[in-house]
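Before any comments, here is the structure.
Chain IDs A, B, C, D, E, F, G and H follow the sequence of writing; residue 1 opens each chain.
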Amino acid sequence: MEVREILKQVKTGEMSVKEAEQYLRREPFEEMGYAKLDVHRKLRSGFAEVVFCSGKADEHLLHIYQKLYEEEGEVFGTRASKEQYELIRTVLPQIEYDAISRILKLEKKGKKRVGKIAVCTAGTADIPVAEEAAQTAEYFGSNVERIYDVGVSGIHRLMSRLDIIQSANCVVAVAGMEGALASVLGGLVDKPVIAVPTSVGYGANLNGLSALLTMINSCANGIAVVNIDNGYGAGYIATQINRLGVKR
Amino acid sequence: MEVREILKQVKTGEMSVKEAEQYLRREPFEEMGYAKLDVHRKLRSGFAEVVFCSGKADEHLLHIYQKLYEEEGEVFGTRASKEQYELIRTVLPQIEYDAISRILKLEKKGKKRVGKIAVCTAGTADIPVAEEAAQTAEYFGSNVERIYDVGVSGIHRLMSRLDIIQSANCVVAVAGMEGALASVLGGLVDKPVIAVPTSVGYGANLNGLSALLTMINSCANGIAVVNIDNGYGAGYIATQINRLGVKR
Amino acid sequence: MEVREILKQVKTGEMSVKEAEQYLRREPFEEMGYAKLDVHRKLRSGFAEVVFCSGKADEHLLHIYQKLYEEEGEVFGTRASKEQYELIRTVLPQIEYDAISRILKLEKKGKKRVGKIAVCTAGTADIPVAEEAAQTAEYFGSNVERIYDVGVSGIHRLMSRLDIIQSANCVVAVAGMEGALASVLGGLVDKPVIAVPTSVGYGANLNGLSALLTMINSCANGIAVVNIDNGYGAGYIATQINRLGVKR
Amino acid sequence: MEVREILKQVKTGEMSVKEAEQYLRREPFEEMGYAKLDVHRKLRSGFAEVVFCSGKADEHLLHIYQKLYEEEGEVFGTRASKEQYELIRTVLPQIEYDAISRILKLEKKGKKRVGKIAVCTAGTADIPVAEEAAQTAEYFGSNVERIYDVGVSGIHRLMSRLDIIQSANCVVAVAGMEGALASVLGGLVDKPVIAVPTSVGYGANLNGLSALLTMINSCANGIAVVNIDNGYGAGYIATQINRLGVKR
Amino acid sequence: MEVREILKQVKTGEMSVKEAEQYLRREPFEEMGYAKLDVHRKLRSGFAEVVFCSGKADEHLLHIYQKLYEEEGEVFGTRASKEQYELIRTVLPQIEYDAISRILKLEKKGKKRVGKIAVCTAGTADIPVAEEAAQTAEYFGSNVERIYDVGVSGIHRLMSRLDIIQSANCVVAVAGMEGALASVLGGLVDKPVIAVPTSVGYGANLNGLSALLTMINSCANGIAVVNIDNGYGAGYIATQINRLGVKR
Amino acid sequence: MEVREILKQVKTGEMSVKEAEQYLRREPFEEMGYAKLDVHRKLRSGFAEVVFCSGKADEHLLHIYQKLYEEEGEVFGTRASKEQYELIRTVLPQIEYDAISRILKLEKKGKKRVGKIAVCTAGTADIPVAEEAAQTAEYFGSNVERIYDVGVSGIHRLMSRLDIIQSANCVVAVAGMEGALASVLGGLVDKPVIAVPTSVGYGANLNGLSALLTMINSCANGIAVVNIDNGYGAGYIATQINRLGVKR
Amino acid sequence: MEVREILKQVKTGEMSVKEAEQYLRREPFEEMGYAKLDVHRKLRSGFAEVVFCSGKADEHLLHIYQKLYEEEGEVFGTRASKEQYELIRTVLPQIEYDAISRILKLEKKGKKRVGKIAVCTAGTADIPVAEEAAQTAEYFGSNVERIYDVGVSGIHRLMSRLDIIQSANCVVAVAGMEGALASVLGGLVDKPVIAVPTSVGYGANLNGLSALLTMINSCANGIAVVNIDNGYGAGYIATQINRLGVKR
Amino acid sequence: MEVREILKQVKTGEMSVKEAEQYLRREPFEEMGYAKLDVHRKLRSGFAEVVFCSGKADEHLLHIYQKLYEEEGEVFGTRASKEQYELIRTVLPQIEYDAISRILKLEKKGKKRVGKIAVCTAGTADIPVAEEAAQTAEYFGSNVERIYDVGVSGIHRLMSRLDIIQSANCVVAVAGMEGALASVLGGLVDKPVIAVPTSVGYGANLNGLSALLTMINSCANGIAVVNIDNGYGAGYIATQINRLGVKR
């Protein structure tokens, strides 16, 4: 029963105050329709549901893509394989697949983008994660500047692009191996830096754990870290920050 | 030599174009006075130099506190001991020490604060770290709401304060032990959550590493993590985010 | 020789007291037929032998399935592959295989189930482990309620199902990534919570170790943890607890 | 405002249905007085609030002990130091301190205990943790059998006490070093075994992590694990299980 | 009741076969007096009980030393502090304390030693652990050759003592830092090498874990490893091996 | 040049004392023919060269097998694949391959075996490692008793075989998962126990590291540990110990 | 705009001093053409760009190989697969591939090599990494002596080659398993030793981490360590050191 | 007996060729006086024995300082405490103690220094380790430039000192926290960089392990790493490299 209905019945006397009180105490969520509101909030705030494709069963994935496309007019998935692209294409022929970022999407035309996020990588091998971040941020309505291959072993390449980086509301620093890029950026900009360690490297990189530790221990101010290879998470929080910067 | 001076000499012919070119190439930074500019930038952006007191030699600390107070009219240090407070008090009698957050500061009167940051803790033992974050953010000019002891083992306490939390530009989630607070907050607010793992706990908490891993692996969106017990770092980046939300 | 036989011979004088004493001291187990008693105890207590299929050689597996089916009239195996299903089907055509839980079983009809266990998962990716737990508990005679996809990033979904969860004798909390579900459940129910970390996630999830640490460090009361992905172990101990709750 | 009050106003027309609906949606918890109900539930179920003394400030601890004693007529704290005992004694002269378990309590006389929990230790050095578990369980109303120093390097000592152990509703296995006791017990009893790794040992024991890993990886059935040295947690969940076994 | 008594009663008909059978099944160990036999076995085999002093309560330690001295005419403890020495000296004035190995003992005069064990250390800082091993082995009746400070960074020092090392029945290799000594010894002798990692070192030595890993991964044959700093354990197993070498 | 030759030339005056001195200082090993002596020592002591097949190039492996067979009349390799067996069979048709232990060997007929080694496993999944140990020990001339599937979760199975185990000169304890078998054996026998952790298990077994830590931390005496899955190493050192026990 | 141009305009008055100052401050790097200078520096110093082939997309790799060959007349890549060799051969038929070191190169004829680097391995399985180091050093112009299979379990093999090793300007020590070779070499030579841990081994070798820890903790002087399996890095720094030794 | 003496006796016939041969084979090192030669080699090469003071017993330390001072006319120790300084001062009144680097030395006057080593630190807290490196290098005869507090969070400070750094034969990069300094330096100089991780930091710095991992994983060329806080080791190998650069 809906809250509104209960209240109406209290008003008309169909339900006693005591009965209503008990009802409301026992199931505060269900009848308030939170689950539905949740969807509404997402649409309203611009963070539509995103699909984590990896490991999803075929029929499950098909169903989700179709349902989301129906409800929202667009659909966006991460960590998709080429096989999953072929699968979804059978029902959504306009779907687009980017083999580098592994993003599988069908985006509305003419969406407006606001503000600016700078997505930087240390090396070229970090680009797949960076693209996941950049395209996620773009899907959620942020302008993105890509500044790739500006790692600390060639610090001048980074310096020459500093103007662009400093003009963003938020900087995403994507780096594997020793992950020092985040610290250098933190020392050069006065906006939040979201650091994304990647699993790029070998040996003692411990599949990205070394870069994660580097970033968590950064001596620079204004840095916070997301999970290894989590481009999506970085694009999401960078968008939240970017929106704050463009409000009004 | 200052860049301006070089240019003047080029203009007057005292220095040839070739000489000036060589000079500029060789030491692009020194003569540009970056170190000084850096100080200026900090004052301008509101992020004055902060002192990490722990481990500093007495005479060193005295000197820094005096110098910063002279230059900026206020001074703010973290991780200070009671002994360091007694020391600084001999030269700056108005200095204030908070034994819980271990912050040792002398702040200008009448500073304006803007926006809102919500600082939440899972338990009471996390409060020292939370206070380091909150007071750092306040020093840098943010309004702070403290919502303490709202950990997931008593989820209703958190729920009852949700309105306040949701109205902030940025949420700081401070938690030790299993660190689940950040995930719950991430699912309830649509602003960035800065997660601070604390070393509170024992046994397999690995001095905070467990809470750090929990937060890095969060299934919720919009969460980024700083170092264990790094309240200062959280207060800093939360302020950066908060400022974006109040700009103009 | 059986203990009974020894005692009979002592009684009849066929064996001297001293001989009997030596015999009993030297091999306290073998002749007492412990190995057999063990099987009896299992049948009696309702915990029949279960097969861990993964890694077993084909002929070995065939033999075990046939022998257990003969002796107990039913047989239950975990971590079975599709190939193993095809194999066993050649000799036990009625065998059933569930591709999600990877359980391969032939269960007696009409078995009575008692009490109630609530099996909860944080996400849909945790369902395979949850099903291993749920079906194990059912095989051992417990009623199971499945409450899936109620992770902490959408806490209201969990809240709306709380009544059902609170009515169980034991709650099984299955979660990967940051594993915070167990703590939330521990704060909401007053029955034992058996936490099962899963290897769901990536990067710093360390193949489930992060979720394990989260659960072991839980700030909530009444939580104990089994191995990563060990749905079987959770179903087993949950059944032991459930039986205590329905005794008499 | 109370729910009841809102409903009354709806009934009398003082508040419109729409206003009431909004109000109820916004603060579902606060006015329901959950925090108080929580306390009631605890008293009812027999799990009164317990104090984790370690690290608490003196005045804080004094206040908590006094308040809990007033409200509940008894008070129970873990991880208390001798200094804290001296402190509390100044206001609660009847308080009792056990230097081994570090429990500081004032318990009601004549409390009834039910069922049976067997608390076993591998060595004598594990006894402090075992006593924390045993006395916690006793405080919560369970009968406890102590079976100490029955580690696997002298397996016959354990065997000779098996009858007592097998008659309990729940077994708590406390062990440091290699922690093998839990596996042996798991193979000998058909009731749940709650394993408590301790930090007893040195070198590669990694402050209890080795024992924790041993227990989590146990090849025996019916074992679940709590945090290192977490006697309190084991006593708590063992009591939950024991209560199920004595119900009605 | 003794087994003998039961059997006698069966013979005389005082006890039925069935009663006896039940009795024997239920308590196979207790009445066999294993605990006492155990003590006998130890005395017989030469491995008397040894006291791990560290962490023992004063009255406990006093009692153990007195009891063991009474029963065995000698007593041997490891990891003793100077304070514990002063304590024991009050009741056993002849007790001897070695501040380097931290062994606190009162040994019978004129005990015969057999065979040969070579105890080698990499550096001088490893000597405390080596002495624990050497004196343990001597207490248990082995001849010990000490070859100290022959680490791999000065390999010639080791080479010049090779004859002595090769003549032993067992070699104990004690090394911290990188722990390479065990591998070198394993390549030079054809007797078992018991490797003891020590916590000597700093930084990435991880309190001895690095040396432990080195030794466990040794490319040489005939090496097995005990716990970090476990000189006692090495002395014990080396004595077991040495005795095999001198049998008959 | 041989040492003998140098000395002769010194004697005859062909080489001056000074020249000889320099020569001897510079190359103390080469001309002493150590490399050859090494081979001789191995043949003499019965530890012939053994081949670690895994990862060896085909032509390399062929060459080694042929050369060792020529020189020693037999050849023994570990960690061989089925493909390597097919390869070697083309040149040594009598070669034998055991798919469980992955041993590829051609052994001399009628070799005498001495003494006794007991090889025990916790479960059936540990048998491949145990067979590597057992067959290695047999190849090197030891009698081996196999006692498999006697893990601690069914301790009576172990007890019933205790007589055989106690009669061995050395016990090899092979166990994965929690690895508690070694501790139990260490408490039951008075001969050295060589513990072999295996990678059997899943989740928090950390590919055998958990079992390794369990064994290293064992509270029982007389245990030393080799690398994870290192059956060969255990068989080697067990043979060294066994030989000491049968000498003369 | 070029610096020279700016200066000229200042001289001629076309640009004011203030304008020039601002310009120079803002983009200190870009117009200085660092990227180009960088290339020049590399050519000059003999460290041409090297390609890390692993993971590169086919068209990317083709382009890089062609471009580098055009610019430098030679090209050198590491971690190349056989497939990549086939690919590059289609456009650079003279390309050479070494399947052991996985180096794919086309080197100028008649390059001069200077000085001497000794590259040593513990076992034959370490040779691929050693060859990456050796061939890298040769490509960069160093003479290299290969001393393979001289691990510490057969220390005499190492001793017999000591003269050659001691005559090098730098020693590269390549070892997996326990990695003790570096320490032994460090004790025997007075030149820098660059230690390269390899992932050779199994079980507790932790994919090379154990060898890395061994080398980092070395008790010998004059040792520094590069990443696991990083032959290229060792060859690079060894060449830097070797060049210092041959200067002038 | 000296080798020379043996050879003389062979020449004169006092010793037969066979006797001499046996003697030389058996003790190749002892009678060659390696230990003494070793001392000689050190004096010759400039690497005199250095004392690691930490943990040394008082009388031991006194003896070593006196002996080294007698033999070499100077003495140098690291990791000395203030108490040890007071101790040594009683016998060597001219001894000097530096409380920052904890170096306790008495150095010859007028020693010549050659070449140049640049010692850089990321922060001021890294200076103690840097001074250990710098003073070690100076003691061994290298000129040292100190460039402190040039960490990556203020990259321009580093840039402004680049000329000096680039003119050194070897660069020592000392950094804690995230340790990124080494990578930045590696990208800016063409000489070897010896990276020293320090334990400076807190939380997830894991006592320096994070910085160590950062440095080992560096994406820059020409970097090798020593142990955490191992300033001495860095000063030693940097001197070896520096000497190569100044040879002749």
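Here is the rule we use: contacts are C-beta pairs under 8 Å (C-beta built on N, C-alpha and C of every residue); 3 or more make two chains touch, one makes a residue touch a chain.
These are the chains along with the protein names UniProt gives them: A, B, C, D, E, F, G, H = Nickel pincer cofactor biosynthesis protein LarB.
Small disclaimer: the values here were computed from a predicted structure and weren't measured.
**Q** Starting from the Cα centroid of subunit H, hunt down the chain whose centroid lies farthest away.
**A** C
**Q** Centroid from C-alpha atoms only, then distance subunit A to subunit G, rounded to Å. What do you get?
**A** Inter-chain centre distance comes to 38 Å.
**Q** Taking each chain's centre as the mean position of its Cα atoms, how many Å separate subunit B from subunit F?
**A** Distance between chain centres, rounded to whole Å: 58 Å.
**Q** With centres defined as the mean C-alpha position, give me the subunit D-subunit H separation in Å.
**A** 54
**Q** Which positions in subunit D are in touch with at least two other chains?
**A** Subunit D, residues with two or more chain partners: 28-29, 154, 203-206, 209, 212, 216-218, 221, 227.
**Q** If two chains touch, include that pair; go through all of them.
**A** Touching chain pairs, listed by label, come out as A-B, A-C, A-D, A-G, A-H, B-C, B-D, B-G, B-H, C-D, C-E, C-F, D-E, D-F, E-F, E-G, E-H, F-G, F-H, G-H.
**Q** Name, in rising order, each residue of subunit A that touches subunit C in their complex.
**A** That would be residues 26-30, 34-35, 38, 55, 197, 199, 207-209, 212, 227-230 of subunit A.
**Q** Could you pull out which subunit D residues touch subunit E in their complex?
**A** Subunit D residues touching subunit E: 125, 154, 156-157, 159-160, 163, 202-206.
**Q** Which of the residues in subunit E come into contact with subunit G in the complex?
**A** So the residues of subunit E touching subunit G come out as 122-123, 151-155, 177-180, 183-184, 186-188, 201, 203-206, 209-211, 213-221.
**Q** Inside the complex, what are the residues of subunit C that reach subunit D?
**A** 41, 45, 47, 169, 190-192, 194-195, 212, 216-218, 221-227, 233-234, 236-237, 240-241, 244-245, 247-248
**Q** Considering only the defined contacts, which subunit A positions touch subunit D in the complex?
**A** 3-4, 7-8, 10-11, 13, 17, 20-21, 24-25, 28-29, 32
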